[in-house]
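Lettered A, B, C, D and E in written order, each chain numbered from 1.
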Amino acid sequence: MFYREAGQYKTSYAADQALFPILQDRIGIAAILLIAFVVVPLFASDFLLNSFLIPILVLSLAAIGLNLLTGYTGLLSLGTGGFMGVGAFACYKLTSIFPDANIVLLIVVSGVASAAVGSVFGLPSLRIKGFYLAVATLAAQFFLSWCFIRIPWLYNYNVSAAIEVPTRTAFGIPVTGPNATSVTRYLVALSIVVAMTWVASNIVRGRIGRTWMAVRDMDIAAELIGIRLYRTKLLAFAISSFYCGVAGAMLAFLWLGAAESESFNINQSFLILFMVIIGGLGSIMGSFFGAMLIWGLPIVLRAAPEFFGVTVRAATVEHLQFMVVGALIIFFLIVEPHGLARLWQIAKQKLRVWPFPY
Amino acid sequence: MDILYKILIDPFLQMGQAPDLFVQTLWEGLVAGVLYSLIALGFVLIFKASGVFNFAQGIMMVFAALTLVGLHAKGVPAFLALALTVVVMLVLAIGIERLVLRPLVNQPDIILFMATFGLTYFLIGLGEVIFGGEPKTMITDALYLPRGSYEWKAFGGFVAFQKIDIAAVIIASVMVAGLAVFFQKTRIGRALRAVADSHKAALSVGISLEQIWVIVWFTAGIVALATGIMWGARSDVSFALQILALKALPVLILGGFTSIPGAIVGGVIIGVGEKVGEFYWGPLLGSGIESWLAYVIALVFLLFRPQGLFGERIIERI
Amino acid sequence: MSIAAQSDPTPSSATDIILSVNNIEVIYDHVILVLKGVSLDVPKGGIVALLGANGAGKTTTLKAISNLLHSERGEVTKGAIVFEGQEVQNLSPNQLVKRGCVQVMEGRHCFGHLTVEENLLTGAFTRRDGKAAIKADIERIYDYFPRLKERRDAVAGYTSGGEQQMCAIGRAMMARPKMILLDEPSMGLAPQIVEEIFGIVQSLNEKEGVSFLLAEQNTNMALKFARYGYILENGRVVMDGDARSLAENEDVKEFYLGIAEGKRKSFREGKHYKRRKRWLA
Amino acid sequence: MRAPSEKDVAAGDVLLAVEDVSLSFGGIKAIRDVSFDIRKGEIRAIIGPNGAGKTSMLNVINGFYTPQQGRIRFKGKTRSKMRPYDAARGGIARTFQNVALFRGMTALDNIMAGRTLKMHRGLFWQMLRFGPALREEVEHRRAVEEIIDFLHIEHIRKTPVGRLPYGLQKRVELGRALAMEPDLLLLDEPMAGMNLEEKEDMSRFVLDVNQHFGTTIALIEHDMGVVMDLSDRVVVLEYGRKIADGTPDEVKKDQGVIDAYLGVAH
Amino acid sequence: RAEAQESIFVPLLTYRTGPFAGSGIPIANGMHDYLAMLNERDGGIGGVKLVIEECETGYNNAKGVECYEAVKSKKPVVVNPYSTGITLAIIPKAAVDKIPILSMAYGLSASAVGNEFPWIFNPPATYWDGLSMMFRYIGGKEGGLDKLKGKTIGYIYFDGGYGLEPIPLLEQFAKDYGFTVKKYPVPPAEMQNQSGLWLNVRRDRPDWMIMWGWGAMNPTAVKEAAKINYPMDKFIGIWWSGGDDDARPAGADAKGYLTLNFNGVGTNYPAIQDIVKTVVDKGKSQTPKDKIGENLYNRGVYNSVLIAEAIRNAQKITGKKVVTGEDVRRGFESLKISAARWKELGLPEFGAPIEAVSCTDHNGHHAAYMQQWDGTKWVKVSDWIVPMKEKVRPLLEAAAKDYVTKNQPWPKRTEPCDKST
């Protein structure tokens, strides 16, 4: 009964098309933002920030990127890791060329490099579809991984083929490197993610988003109503890779503080794909849910035995954790194949008719 | 000019100058290709029958090999262990059907793909709990798999044929041929293809998805066991083997997801292409190009045949 | 309204009822209530029509019977379905087919990558009476649908809409069922073929004693061939009766048969989008 | 919606002419040497037995299939090869025999997608959804709402179309085609699977579109009642060949048509 | 909470899962068991119990960093990342968090320069030392390094930071001694699929093969080498390629295969016997009894000896019983394990004497020896080989400088040096 849209009339089409047309949703989002921007920085521990919140923000952004491509446009990609890597290495190069530039700006700009590379690997998408397209993106994944090692210029000829994130500032405050506090890094990551999420939701609600979904749902019909498939798919590749690139730069600069080719390997691609699927294909919100579940669950599981005062060997915990995560993935898929986002919607639906069953 | 020479001419000169190495390269490519095909075959079976892209094929291979080696280590005679492993794979197939596939019937492909991911995680955990993470040595001798090699003196050098590789090629060919016949010519085979097309329609004509799935997953399990033995004999039996399963992807895509002969032809093309590429052109790029060459080869083929070499035509009709 | 209130003229004893649906309720996705208590009976050897507007729940009813619902995240939450005297809600679709109840789904779900003939062969999946019998049955179906014979080696995905429909019906017949649930058999078929198909339904019914439950929009045809009919609106049975009495009902005439004041209306004269008249409030 | 007048083609002129078109798939000859024309402002029915090549003909007209032989003349311009995009641009819209909606999108979004060709704001504004982009969105939303009103589908505006009953899906599909404001509307069995009442509604829509907006319509339908009542002229195909062409009354009496298609009842 | 204060927290980042578990498990076992033995036998170090906690990294950087963050809050006296990638990621954090990092003979070689990396320790030797020791050995076999002129040396390596690291020195040697280097990178996803690369080896016929391998890459390489009839006694692996499971799958075919090692193998040490008695036999360990004394197990023991000795040293310097990370850093900087001390520890001749770790040199460049596979087990075949410190040290200094310039602003060392005890 509390969650009702009854009585909330929309008087203009603009209001009807707003991001959160329902008042309760707007309040909810405002509360979440308030907590995220104010409460968390005040109270969260370093561990919570560094190992939980920042990673989830980074991974969510990558998941949004992949979701734009796979969930909205229906193009399966297994090259996310590679595109993230492009972003990370681009950011590293940029900051070594312009050490004094605002690092936040550089992080965002490095997405452009990734978008360019992404578009190139999107070229075969006109001819190749479905799982077959996945091979093109896999080629991207492995080829890029190889480049990250074989082109020493990318990591400034470092002997270990790794990038080490130097201390860089924005507005005089250290944002990256060892001297940046977790809170700063968290707030920067949060701001980027919130802004880019907002942009992504704008895109998918507008003309471009509709053309993407049309191509996903039935490309032949889309073509016949005048959507140019090729352009649409390439744009999806470019924007998606842009998001992944920024996420990659954030991964190196705001989260791990160092990165190497292996940080962007195929497993990373799969991980992001799972987040998208578990969270819900074609749902921005789902990307967050997915990241929280896939990243957060193992952490919680690892902490669980200690919490209950049982001592279990680290390796056993790890093994059990694999089993539990695997089982839970299957469980969630069975409960709701359309992902956590749909589950959330159904919950809201139930809330709407509560206390009646339907 | 020099670079052009190195790319366009020099490799072929080398092939001519050292034909023994060239033949050896082809052989290595063939063997690797056949081994890729075996992994791919597991994928194809399941994909054909249920439209499921089974990510867990790799871990099934590890799991099967580990079970075999583990049982043997517990003192079970090798061939009894082999039989028991087959039983384990059957139990696994039944379990998967009950707990994973049945509740997910008629869901989109990507969802089932994801479920097999969950399965992979689960099996990794389970495998490590039961067998531990240490690598094991394949019980090659106990299974009477041959060791050593034939050396063929020819072309002023030698070509070495590992006996185990010869065995792998033979086993793989027999399996592929048998399965191809079984699935093309029998009632079950047709039902399988029907299921891959549409779960819903298959249900409506009375095809028992449960039964079909158990059959294919079990068959895929046997293929996984064979693959595990062969790959295990080449290096060792460890969870790292699972990564190799990815190599089946370009093979699959090249051969077409649904074709059993496609798996073997695709495998050989990829295997030979990759080894020849690495051997003759790899050094120009600093070597180690094998990691992506296979995908690029597959990609080039796909641009000409988007459904793979033997894949079913993609039906586009409105 | 008047007819709905009448007592059921359903067949007398339970034994000659092959299928009986008792007050079932169906929910999709745990929240969408689609059937709100539907009951119907099909007598052995009968043809029963299920009529109703789009979205009334005809397809859902058929799927509930053939147990195909759970693959669409729907479930029967109340009521019982009895086939040949046994409750069948918990059987799998394939057990049901084995017992002789087959559904032809709406929208021609052929196996797109199989040839027409292979499609027909899969229809015989549950049969164990040998290759020869199956071969003979295929010929029988080709006799019914000569067009299919011409296209026997064509990949079903590429055949025309009508051809696919024939293929789907033929495929169901291959199971030699006792009862066929036919969902919109006439959809997209040329008038001649529609008549043919109904003719086939009738002859199967008469010669081989197959019972039919027929969900159909083409009320005209349906009432011509069926013996009994149920009208579904909004997930409820609002009227039932034998075919002739339904065909003579004024409301049915107006809304389902397009006959007003005794003669056929032209589609050019259709009133402006009248809202559908409801039997129930 | 768009004003009915059109400068380049006047009412009664030939809007589209199919000239000697042949199309085959491998061994199958789907269309053999068919010619006919569609005049501006008329409702032109295409009928024929199943597999006669009707759908294929529509596919040729809007560029999805390229005929091996023959040409299409549209608005006076002749071409033998045309891409679907160009057809859409040129003003050809259609609905499909097996509903081809974008299943994951809402009815509203489906119809909005029909307006893609008319929307021009670039990525930048789309990203911000602000200023010009928002204005454009609202403006087109208004046009789409008119279509929604017209088709009486207000109540399902926000429902994902995959869950709609068949009849409503067909209506949404019509809406999507209308949103393109086409000059030529191709309808492939718009009334299949509908009951009488809905057929009446749909007929009304077709007539209204034709009369009020002057849209030329090519209609494939198996319900002879509908075809005979609505269409101005009928072309009959059988096995890919044209076997008759004329007014409904002429066609109805044609013995060849009766044998091949209508059967005894009509 | 008296107990919490009376203990020393020693987290062990280990990996018993994933593709590298094969190498990770024995090491983890050795590390754990030695420390556990100290607890059982001596009641800890200096009378203070050690709290040993493993954190599973799966050899994955992100998880490793997570482990680091997780243990950080519990005041560890040392962090032991056990992966080069993880080490690289936490190097910059260590100085801020004031936690010493022990990356024993792996990690960033340049971190041996104590002035720039006061918190990082990588004894007993760097990869560059390892490479130089291999060359000393090769020189010995060839009758002088100058005999290498015109020869070919193949370098097969894990295609990642770890395998790339020795290349600058290798190329330097090539220039100095006039041989050609052929490189054979093994991509991470192809560790078990090396037949193509080994065909290249067969074509190039290098006179010596040097390997920087890890995990599943090792056994595969050894098998492939045997397959192409490469002379095994010309095939030398780094110390991370000398596990028992690396050579065992090839069995007799691997006979002659050489690797460097800096710890003793076998169970023939009193301390190892103590482990068996007080830990393994009591069921307080996950180690299967027959794996005790294997090379990588003993490597883990060696690692823990370094930790224990640094803690003990810190107790000595500060006079405190419960030492902190900052104390242990000082303990490391003046770490000494003489031959006599090794004996005292119950590990006679187990490792070369640790004598050169200091405030400026966090590595010490200690000696290692060559071991050879005899078909069933490892056999020591050389004396302690001393690295070419004079070649390595300048490179290290340069690398450290390079690192610091690339990571500007890099904090200046503020920690004072202790006088050697």
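In this text, a contact is a pair of C-beta atoms (placed from the backbone, for glycine too) under 8 Å apart; a residue touches a chain by one contact, two chains touch by 3 or more.
Source: prediction; values computed, not measured.
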| item | value |
| --- | --- |
| Neighbouring chains shared between subunit A and subunit E, ordered by label | B |
| Reaching subunit E from subunit D through chains that touch each other, fewest steps | 2 |
| Where subunit A and subunit B are represented by their mean Cα positions, the distance between them in whole Å | 32 |
| Euclidean distance of C-alpha centroids - subunit B vs subunit E, Å | 36 |
| Subunit A and subunit C: spacing of chain centres that average the CA atoms, whole Å | 47 |
| Subunit A and subunit D: spacing of chain centres that average the CA atoms, whole Å | 41 |
| Set of subunit D residues in contact with two or more other chains | 55, 64, 96-98, 100 |
| Shared-contact residues (touching 2 or more other chains) in subunit E | 16-17, 25, 159, 185, 187-189 |
| Junction residues of subunit B - those touching two or more other chains | 124, 128, 133, 246, 286, 288, 291, 318 |
| Subunit B to subunit A touching residues, read off their complex | 53, 99-100, 103-104, 107-111, 113-115, 117-126, 128-129, 133, 246, 249-250, 253, 257, 285-286, 288-289, 291-292, 295-296, 298-299, 302-303, 306-308, 314, 316, 318 |
| Interfacial residue positions of subunit E with respect to subunit B in the complex | 16-22, 24-26, 159, 183-193, 195-197, 199-200, 202-203, 215-216, 219-220, 223, 227-229, 245, 248-249 |
| Subunit C-touching residues of subunit D, taken from the complex the two chains share | 25, 28, 48-52, 55, 97-98, 152, 163-168, 189, 192-201, 203-204, 207, 222-226, 229-230, 261-266 |
| Sites on subunit C touched by subunit B in the complex | 66, 68, 70-72, 92-94, 96-98, 102-105, 109-114, 118-119, 121-123, 125-126, 155, 157-158, 171-172, 174-175 |
| Interface residues, subunit B side, partner subunit C - complex | 105-106, 187, 190-191, 193-194, 196-210, 258, 312-313, 315, 317 |
